């Protein structure tokens, strides 16, 4: 066991635990945000840098501070470690910078994005960003493509967290057909040629995607998520454990997802049949309403990024502007 | 000329070379041979690696095609589109720029009719590709064509000598494991 | 003229063959190490030599070797980093193509010291012709019994292979290199674990630069203490500098560390001064990643001392008035050089070479390049100059691997020392955008 101090709070965790998971044991607002790490996915983390924290003391044995901020999601704790997150100006400042970096090439079309309301990037920007952007250059864009009949990829929104790649690797057991192609800011999720993901569990890439890059093409009526009501349900499924969340509008099941915890992580993969084909209440045994804690945006009904200010709106893609005119953003809450 | 529907095949010499290379890594780590095998494939099939060629590479190494695509698109040496007979890789980085690489690029565009990072010359001979530092900065400006470095191309005469040298090549130069070089057009489709 | 420990025989006819190389004392270190020394004794000599990694970071080689984990029954590897791609650096290519046996000898002696039975040389893919030269040298060494099973009857086995990259600067970063050697994209790994514990194939691995390995035979032959006598202070031995840019005699120079920079630039023994009779404007002394210094600060430190070619002297003044020795890529720029254009070119390089894994580097390198491109092409604003500094700061220190810093430092340093030239690009945008236009004013120092 290792004892660490995180934002002044002591916690004892098994050796090898990452700083992030130690913080999650404490819980609450001191937990660093995570955009790429995903507990069930081996190898994930370290990429987005949203979770950077300051190690003020490395360990009891070597109490020197670490020279750079570290990614809390991939850095293991040491006994006697002292970590600063919300108590460090530097960390908060750097995090603002990370938000800015993640947004400079982002389309900012939340008003027409399926993910709005349950988007980690939206939350992240809302909670940690600043409300202006200094970016004046042209934004990177990609065409949206279908990955098979059930999943759509809006590469423009992708933050290259690699979660979907690790997911495919793990669920498809070596039969992965999609991955990251290209490099640098030209890298993209792709299947290269018209390969489709036709694995029984491929739909899980939708659940792990922190943004609206991978979306469910069967999501009926394209409702704003905060108009939908999440309900936990299960069924006897020959392929998966059958534990899901149903998202209702009135009497209609609009979509089916895996059950996510407060950090947006699904604990069990669900199969494509449960996700895409079982959209009647009669298919399911209902357990009761699902609690959505951490997604502040769902609960607060915000769906505009704080950066959606005048100077940025001018930059919105034409298609978005047209959509906006047709469907002016609702002011809620 | 081969068409895309015909499955490409490595020559016997290339197959032997691939097996030699694969033995350099632990048996369960054949994937390590991916980059060297891609180089062989590019040399064998006309200077670029088509999706079909990449699938073949996946097959001989025993990995998934996506694992090849991920890699071939990451490394800049692999051409993913058809190229001219000779790909001139012009270094554009600082030290070469200080010694005239911009002028060299413009000059090459003018006399070959090819567009840098774009269209091949109308005669199909030259593709111009800008690359980053080739580790020959003291001999700038530099052009690489396959395994050969042409250095100090700072006069029209030096450039002409390079182009003449290339125009006179009927076959690409043989690689160590081959008897003769393959005609470059062989696998272009 | 200083002593040449590595390149003494570089111009000998046929030195790339085993026979000639052997005649000039080649492979003595293998005989000495395998027959008369334990592996730990070799490590000890390298420690005593004070040799610092020649790949850029300058980490003491002997110390790195002693960190290698040695769990029972698990193979360990030595991997030579011959990815040489840092703009301005071209020493390893020369060394390997002219003296392939020096590297092979160094690999054998070093592998013995580390207890590696398989070693790899990872060479950048563009240098396939050098790979052929190395493979030939390796075949000769096998034939002569210096590689393979039971080398020189010592009971020590070693296989040595050369592995080509595919065109990616980032694969010079040691963990990206290992990923690449495993047949994957060159994405640097998160650390820990470090390669000394989990490197190639998750086994303990040491990664060393070509020049570091090439220094090992000398150290073993003459003893670490002798080697440490050369140079100044903690900069021991000799170092290869790749001199390029606006010099009369660009090329590779092996110097004893401690040579005054002024002598290196102007002496006929070395670079022979600035070309075309022009004046020197600035120098990037250690490869494109290190801070650029204006003439006044590269020749003399802020305290007015002559600047020396050593790790300590080049970094004297920190990043305010100093720079770094880095990989020894010495890029000289004459008075007609546009600093903004040059900085843009470097930024374009890092933008092009970012692997794209982590957001500050993936997005930030592109941002820097685009802003610099605008400034250089007459579309800049005054705020852009501080924006560059701020974006660079947002990248620096917040990334997975040091490419982030490598992209940030050159920009920050260029603005630091040549701010007036950046401002001129805004105030005289039209003029500055003309090809070949150069700011004629005097740059403010510090």
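For reference, chains read A, B and C in written order, and residue numbers begin at 1 within each chain.
In this section, contacts are C-beta pairs under 8 Å (C-beta built on N, C-alpha and C of every residue); 3 or more make two chains touch, one makes a residue touch a chain.
Every value quoted in this text rests on a predicted model; they were computed, and no experiment measured them.
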Out of A-B and B-C, which chain pair has the most contact pairs?
B-C
Going by C-alpha centres, which chain is most central here?
C
Can you give the whole-Å distance between the Cα centres of chain A and chain B?
40
Between chain B and chain C, tell me the centre distance in angstrom, where each centre is the average of that chain's C-alpha atoms.
26
What parts of chain A, by residue number, touch at least two of the other chains?
180, 182-183
Which residues of chain B are in contact with two or more other chains?
67, 70, 74
Two or more other chains touching the same residue: where does that happen in chain C?
168, 185, 352-353, 355
In the complex, go through chain A and note every residue touching chain C.
45-49, 52, 68-69, 71, 74-76, 94, 97-98, 100-102, 104-105, 134-135, 137-138, 159-160, 162, 180, 182-187
Can you list the chain C residues touching chain B in their complex?
84-90, 92-93, 120, 124-129, 132, 135, 159, 161, 163-169, 180-186, 201, 242-246, 250-252, 284, 288, 329, 331, 333, 337, 341-342, 345-346, 348-349, 352-353, 355
Considering the complex alone, what residue numbers of chain B touch chain C?
24, 26, 29, 31-36, 38-39, 61, 63, 67, 70-72, 74-78, 89, 92-95, 97-99, 131-140, 144, 147-149, 176
For the complex, give me every residue of chain B touching chain A.
51, 64-67, 69-70, 73-74
Once bound in the complex, which stretches of chain A touch chain B?
174-183, 190-193, 195
